[in-house]
Each structure stands twice: as structure tokens, then as C-alpha cells.
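Scroll down for the structure; my scribbles are underneath it.
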Amino acid sequence: MTNDTISLDQLTGWLTRFRDLVTEQVSYLTELDSAIGDADHGSNMTRGMDAVLEKIQASPVVAVDELFKGVGMTLVTSVGGASGPLYGTFFLRIGTSAGPVSTLDAPGLAAALRAGLGGVVARGKAEAGDKTMFDVLAPALDAFDADLVVFSDISSAARAAYSAAQAGRDATAPLIARKGRASYLGERSIGHIDPGAASTSLLFQALAEILDKE
Amino acid sequence: MTNDTISLDQLTGWLTRFRDLVTEQVSYLTELDSAIGDADHGSNMTRGMDAVLEKIQASPVVAVDELFKGVGMTLVTSVGGASGPLYGTFFLRIGTSAGPVSTLDAPGLAAALRAGLGGVVARGKAEAGDKTMFDVLAPALDAFDADLVVFSDISSAARAAYSAAQAGRDATAPLIARKGRASYLGERSIGHIDPGAASTSLLFQALAEILDKE
Amino acid sequence: MKKLINSPETVLADSLIGVAAAHPELRVDHVNRIIYRTDPTRAGKVALLSGGGTGHEPLHGGFVGVGMLDAACAGAVFTSPTPDQMLEATKVVDSGAGVLHIVKNYTGDVMNFEMGAELAAAETGIEVAVVVVNDDVAVEDSTFTAGRRGVGTTVLLEKIAGAAAEEGRDLAAVTAVARQVNESGRSMGVALSSCTVPAAGKPTFELAEGEMEIGVGIHGEPGRRRVPLAGAAEVARLLVEPILADLDFTGAPTIVMVNGLGGTPLIELYVMYAEVRKILEAAGITVARSLVGNYITALDMAGCSVTILKADEDLLHLWDAPVNTAGLRWGI
Amino acid sequence: MKKLINSPETVLADSLIGVAAAHPELRVDHVNRIIYRTDPTRAGKVALLSGGGTGHEPLHGGFVGVGMLDAACAGAVFTSPTPDQMLEATKVVDSGAGVLHIVKNYTGDVMNFEMGAELAAAETGIEVAVVVVNDDVAVEDSTFTAGRRGVGTTVLLEKIAGAAAEEGRDLAAVTAVARQVNESGRSMGVALSSCTVPAAGKPTFELAEGEMEIGVGIHGEPGRRRVPLAGAAEVARLLVEPILADLDFTGAPTIVMVNGLGGTPLIELYVMYAEVRKILEAAGITVARSLVGNYITALDMAGCSVTILKADEDLLHLWDAPVNTAGLRWGI
């Protein structure tokens, strides 16, 4: 079975699953941040995603842009740190790109995600190899697009994105951090996976899982 | 061989040996004070006795009263805490009792030590069973006197005093402290040897050893 | 983890209740987690706003008051506050003369303050100026990194810029003074232990008995290198030398701070101060003012930092001006 | 042991060098280890002298200055100073109006101050009065023990008696105020960790991860009992209830201090203060003044103490009077 679109419900499911995954992995994310940061990435992400789910449950939405603008603003106003503005801007831009629709087709989702990445870059100025969430987001979106060209299946594209995300996450380990808190460590950042890269990989895991359900 | 007197040199040797013993046992004394006090008895005693030996070496004396008044004043002005005034007064009173002599006979030493005990009591108001250095000093002096009556030998009396001192020291363990810092612990002071009792027992060990040398 | 808290989730809210109860001269907005002076900003006075993650107390909330900050936004532990907090505080403290945002140079802090300023620009006509503090010589300053962290100089900057604002200088002048302080201040820190973030529940890193971390910041993050523990004189040398190598402090009066990171007793800070002074004296550097104590901390981290500020007559005059905050108070 | 010191033997001397360097308004006698105000006691002003073992900083040296102490004698770590120090300081600070000795109730402190006063009486005509602080409700007060320890109330007493002296009250009146404070103040402390005496090199006692000591003093000594670690609300209850059971604080304004023992971050002290206030409110007790911070510490011990002082108009007036010391400063 191939899928062409992702519904508002599935997008909500994506966010819910992401919340569950960061909650499951909260200690792992904090552990990664302890090694090269300040030991708060796990609690930052769970605090933010808990707030997102609370907001979604409290005020149901009818359009994709409404959903993601709400998610983005909630993250911006509840997380703080580096991940708050970055994840927040990511979702805000997804909302703007998607527009007032109730489903997204595969190219629409691809465009929205890429707009999100653009937001992350606009905010954080990260480049490839800086050892940040960029190093997961960028290859994951490239894989999503490439898979889509070949198979025209949104689930398959999401699985491809998740694979690339995992590879991107693991590939942050040997890098010297050049952005964010880990950059203070210089060479001592080598050998550790970037915490934001790890949480972003969970974001693609959530997307792949939710689309596989159908 | 029996001995009747203790010379100024031997008295100096006593103090030197006491300094060496508290230095050897510094961790033990502090350990005891950690359990029921504030972990400074070892350093208090070594600081004081180091100052005493320095003073003795710097300004040689010709009379017993001069020696012990100097020792007492040095302890009073270099130790602080509870042990400073108590050991200080002990030696000050020994000096006063001994007078400007160059040797002490056995009864003279007994009287001087008892005057020292009187000073400790005047300062600290301790009674038998309060779990303090009194519980070593008092039985040690009683044993000294009793042995002297029987054997008329100052070395033998010192050995008897040391035996009684050790017993007195060990007998402080089951007591509830009623004086000094350990009294704050109430029943929790039970089961621990009093640090001042332990250092006072070293004082009699030093005396016995120095008199045995002849 | 051993902490006097009710739970990691409530530690910030609970502590703000305590701050409000202890300091009638402060007003706490518990919803937005902002600490204000009780009296509104005097008309015409430039307002000073700072903020950052919780865990550095007394910074910043303890520096709100006459002669220093007008408000401080509190984030979660070691996490910068959010743009909506900065927006709200900016609106409340502005008296028409503009608001200076004092931001420590961390990616999170910079981005959140930036977004707060963007929101303020979009929503209000309030003039906002920004100074980003980046004084930590432990971090290599390079265009390929996030740059140097903002640490000890932040305290001196908030005091001095606060005095300039209190004197009635305008936003441009207050900002210029703040920039001058940032450009003239350098810091370096050492940790004897890590610290425990409440939500993490265990120390951020482990240090063996005979080790210390040189070049730590104020977030319990690992530093530049781990070296064998040394005596105070040697530790002072390891902290002061990189500072002196980075900026020439001769020929001007300096303000020197030995700052405790939270878990180190005052007596040790004075021992360190004595050693720092010896080194500065030998290097021909004049110490005009001193500050020894816990001013910018990293929870319960054991260790200290040294900050040296190259001052001039104006900065000394502003330093000496009256200040009345929970964390720093004199002349008033 | 991890400490920023050169050696256990030199820690006191080194820290006094740091104090002298950091505080031009203080004069340090390094031979006798006494911290004085730089200006001699004003003619006719009663002089206040205190002192004690090192390791409780800012107490007492940090409280020397206008409106508080005239001098503080420093002993070795956790060891009271010696009689010759008290004699010397008494002679230096007396301006003819007499000297009040403020002594915390520990056998060593009491005996050494006593001998100091005896020497002063023998050598000089200086009038010396003594107040012995014994406010720790953790200790059973009985004629069969050394009595209660002097802890947190010492800080409030030094402030209030200092103001009375500064106002020009005579020795009898200043002593009466000091006694009133002691009789009206009660404290109780808790430790989450022990502390490490430099010369001992390891913690005085060990506390397991899930345990705390209730009823500790300020010398790293074990407390009354060891109980499972609890949240801030419950810890506050364990500290405040024995205090309220010991003295009736209703119907009078109180001064409340939440004091850190050295290793506990300020944020936790504010959390504790919030909980203490809730309990006092529920008990109908009026809090007129608050103090939250590290004022009387036990080296690096983690934990805190609560002190409640039943005040009246006069004590509040004296509390509010200007004070200018390294550790406590306002109004001046």
C-alpha cells in the first residue's frame, strides 16, 4: 500500500509520538548533553513537548498551519535554551509553508520540512559538520526528497529520512563542535553524539512510525 | 632498679615523647573526634605540642616550675578549643605545685599531677563518668598514688598509671557524654572513646616510657 | 541527588515564592517568572534587563534593585528564559528612555533575547539595545565557534551599567559603558567538582579525587582540560596567566573579583584572592577594587573563577555608586 | 580532599591575607589573627568583640564594621581562638566604654573567652561583659550537658547589639539587648552532607545518598538523628516545629533567617524560605524581616539552618539601623 498524503490527525500523531519518544529517551538525551553540554536537553525537550501536547488537547485545530504555528510558539515560549528557538522556528516555518490546509501531500510535506530547516539555519547559522541538529535535519530531508522521486510514497520517504537521520546522528560523534555549547569543548567534543542531533533523529523516527501505522 | 626522682631532663623527655605520640596518633585522635566531635583533636594536640617543643628548644629552663608554666602558657596560647585551656591549665598547675626545683621526687610528682587535675576540674567542671579526659586523669593518678604506696618506685607508679589510663580511656566508650561537644549527641555518643581521654592516655604512656628508659 | 527542593519541576517556581517572601523591595511575576523592582522605572531612566538560566544565583534576580537591574527573567535550570518573558519584561520596565538587554553569550540566551527583541520591535516602539557579554578566556575566540562564554564580567557590567543608568545617562551612553566593561573584562574558572542539575539527578561530569577541571564555565559543563589538583597558589596562576595573556591590564586601575561557583567556602575564596593579588602585584597591575564571594554560581559546583576588569576613572566612579540589591549592596 | 588551599596548616593565615587585601576598611593583625575595623573605636562607644573557630565565614570576621563588631578573633578551623587573642583585641578595641564579648556556647569558646576576660581583668581596668549565645533547639538543654550550642542567633545578635552600641547605649544596655536577642532567638539545622576539616582530610561523617542529619550544628558534627531525605516542605517542618515548640513566637514581629551551611546553592535556600514562611503563616506568626543566604557556615557542608527571633519595636529599629560589613550591609 502506498500513501500520498498525511492528515491533520497523523501530523498530531507525529507530535504525540515525538513527545513519547523524547520522554522515553529523556535520560539518554540528558546523558549526551552532560558529556558535551549542560545536562538539560532531555528536560528541555520533554518540557516543551509536554506543553505542546497540552496545548493541542486544550485547543483543537482545523488546519495544518494553525497546528504548527501553535506548536512552534509553544516551544518558543516553554523551552528556552538553544533548542527552544530552534525547534520552535522549525515548526513555525513548517506551519507557514503548509498553509491553511487539512492534509499535506508528499511534496507539500517535503516543502514544509525544508522551510523548517531554513528556519533553523536562519536562527542558528549552523552549517554541515558543525555537530548540531542540522547534521540530522539536512541529510534526512535530502533522503526524504530522493526517496520520494523514486517511490512516490510518503511512508517510504519517511523511512528513508529516518535512516538518514540515524546515520546523521551517529556521524556527529567524530566531529568537533563549532556551534552551541559543545563548541566550548573544542577537541574534547570529539567522540560524543550531539544531543540535538539525537532528538532530531527521534523526530524522524516518530514520523516514520506514524506513517507506517496506516 | 628502682627510681625515686624524675629530673628536668626526664620531664622534658616526657613532653617530647608525648609530642611524638600525639603526632604518631594524630589521625586516630581526629578519627575519634570525628565520631563525636568536630574532627580537630588530633591537629589541636599536635599544633600545641609542636609549639611546646619549639619553645623548650628555643629557651632552655633550669627549674621545673619554669618548664611547666611555659608549657601551660604555650598550650593556652596555641591550641584553643576545649583542649587548649584544659591541657594548658593542667601543666600550669603542675608548674605551680612543683616549684623552682630541678628534680621531683615521686610524691612531688604525684602532688604536681594532682594539682594539674585540680586545674582541669576548676576549668572544665567535669566529674567522673562525664566522658572526658577527667575519666583518664583521675584513675591514672589514683593508680599512681596506690602503686607508690606499695612499691615506692616512680617508674612502677607511672606504669600503673598508664594501665589505669588505658582502662579509663576504654571505659569512656559506653558512657553518654555530659561535657564538651560530644554531649550534643546525647545517646549517640555511646560506643565511642572520648578523644581527650585517648590523648590523656598517651600522656601517661609517655611518662611510663620515659621513666622506663633509665 | 541531595537537594533542598520539593521536585526538579517546581524548583524555579518555589524559589521565586521564596524570593518574593524574603524581599518586599522586589516584585515577582510568577506567571512570567520575572523579578522586578517594586517601584516602576523612574521616568527618563534607561531600564536594564537581564536574565538567564536558573542556578547562577544571586545572578540575575539578586541584582535587581536601585543601581543595578530593573528586571531579570528566570529560565529553567541552566536554560535561558524564553522570548515572551523578555518581551513582557521589556514592556514593563521601559519608562520611555529605552531598555538595555544584557545577554550572556550562549547560543540559547542570544537567540531567545534576539527573538524577544524582535517581538518588542514588532509590537512596541520601545528602543532596545543589546550587549552580549563574552569574557571567558578559557574559550578560544574564533569565528568558527559560538565564541566566548559570558561569565564573571556580567556581574561587574550589571553593576556599572546600572549606575550609569541611575545617573541619568541615555541609552547610547549606558550601552557604551556596558560595551566598554565587556571589552575590558576577562575571566577564567576552575572546578573541583561538577554540579548536579535537579532534573538530571546526578553530577554532569565526574572528577576523580586528585583532579580538577580548568576552564569551566557556569553550567557544570566540562572545561578545557583536566589536570592534577594543585595548591591555591598554582591554581591562581593557572587562572590569572591566561587572563593576563589575553589583555594588557597594566597602567590602569583594575577591579578584581574572586567568585565562588557555589560549593566552595568563603575561606577558600579569600585564600585564592590572596594568591591572585600576589600574582597581580608581581605583574605590576594595580588593584583598585575587590569583590570576593559567590556572585555568579553553577549550582553546587566547587571551584571559583577570577575576573579582572581594566577600569578607568569613570568605571571606578560608577562602581562606587550606591547599589541596593539582594546580592550586592553598598552606599545606600 | 579537594580544597582551594595551599596547606591545612596555612589556610587561616592565607585567608587572612586575602581578607586584608580585599577589604581596605578592615585592619588585620596577622600575628594575633584578629580582624579590626580600620578606624579605632569611637570614644564612648561600647566595643563589641567576638570570635571563634575558622570555617563559619562570613561569621565573625565578615561582620566587623560600622554597626556590628569592632573586632573578631580567628581560631584554627573549628577551634576557638586563644585567651591571648581575646586579651589583645579587648585592649585594642576598648575606648573607655567597655567591651562586650559575644561567645558562642561551646566548651572551648567559653573557656578561652573566660580566660581572656580573666587576663584582661588582671592586666587592665577594662570593663568586660559577656553574652553566651545558646540558641540551638536541637540540643537538649540540661544542667547535665554543655547546654545548647550557639548558632544562627549569633548573626542577628551581632547585628542588633552592634546597632545598640553604635547608637551610644552603654555597656549595660548593650549587654541587655544582646541577652534579649539570645533569649528570644531559636535555631535548628539540617545537613545533607558533612564537611571536610582541612587537617582531617576527609568528611567528618558519612551520609548515605538517601539520608540527612537533623539537628546538626556548625562544626560538621553528627546531629541528633539521621532520617531519610525528604522534600523541602517536610525538611522545613522538621526544622520549624521544634523551634515553635520551644518558644511562643505569636503576637510579636519576628526576624527569620534561612542560613546556608556552605555547600547549598542560594536557590535551595529560597525554596526552603518559601516553605518556612508557609508554616509560619499557618501558625499565625508575623514575619517582619527576613535574611536568606550564607551567614554562619560549616565549611562546605550542604544543608541549612532556620533561625527565628521574637523581636519588638526596639529590636526591629536596631535591626534596620545601618550596617557596613563585608558580610552584611545596608543603609550606609
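Every chain is named by a letter (A, B, C and D) in the order it is written, and numbering of its residues begins at 1.
As a working rule, contacts are C-beta pairs under 8 Å (C-beta built on N, C-alpha and C of every residue); 3 or more make two chains touch, one makes a residue touch a chain.
Small disclaimer: the values here were computed from a predicted structure and weren't measured.
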_Keeping to the contact definition above, tell me which chains border both subunit C and subunit D._
none
*Chain whose mean Cα position lies farthest from subunit B*: A
*List the centre-to-centre spacing of subunit A and subunit D in whole Å, with centres computed as mean CA coordinates.*
54
_What's the distance between the Cα centroids of subunit A and subunit B, rounded to whole Å?_
75
_What's the distance between the Cα centroids of subunit B and subunit D, rounded to whole Å?_
32
*Treating touching as the only link between chains, describe the layout with one word: line, ring, star, complete or other.*
line
_Per the touch rule above, enumerate the chain pairs that touch, sorted by label._
A-C, B-D, C-D
_Residues of subunit C touching subunit D in the complex_ = 2-7, 11, 14-19, 21-23, 54-55, 57-58, 62, 192-193, 207, 209, 212, 229, 231-233, 235, 258, 262-275, 277, 287, 290-292, 294, 297, 299-300, 302-304, 324, 329-332
*Flag every residue of subunit A that touches subunit C in the complex, lowest number first.*
30, 34-40, 42-44, 47, 76-86, 123-124, 177-181, 183-186, 188
*What residues of subunit C sit close enough to touch subunit A in their complex?*
8, 53, 75-84, 106-108, 111-112, 114-115, 138-140, 144-146, 149, 197, 199-200, 204-205, 217, 219-222, 224-225
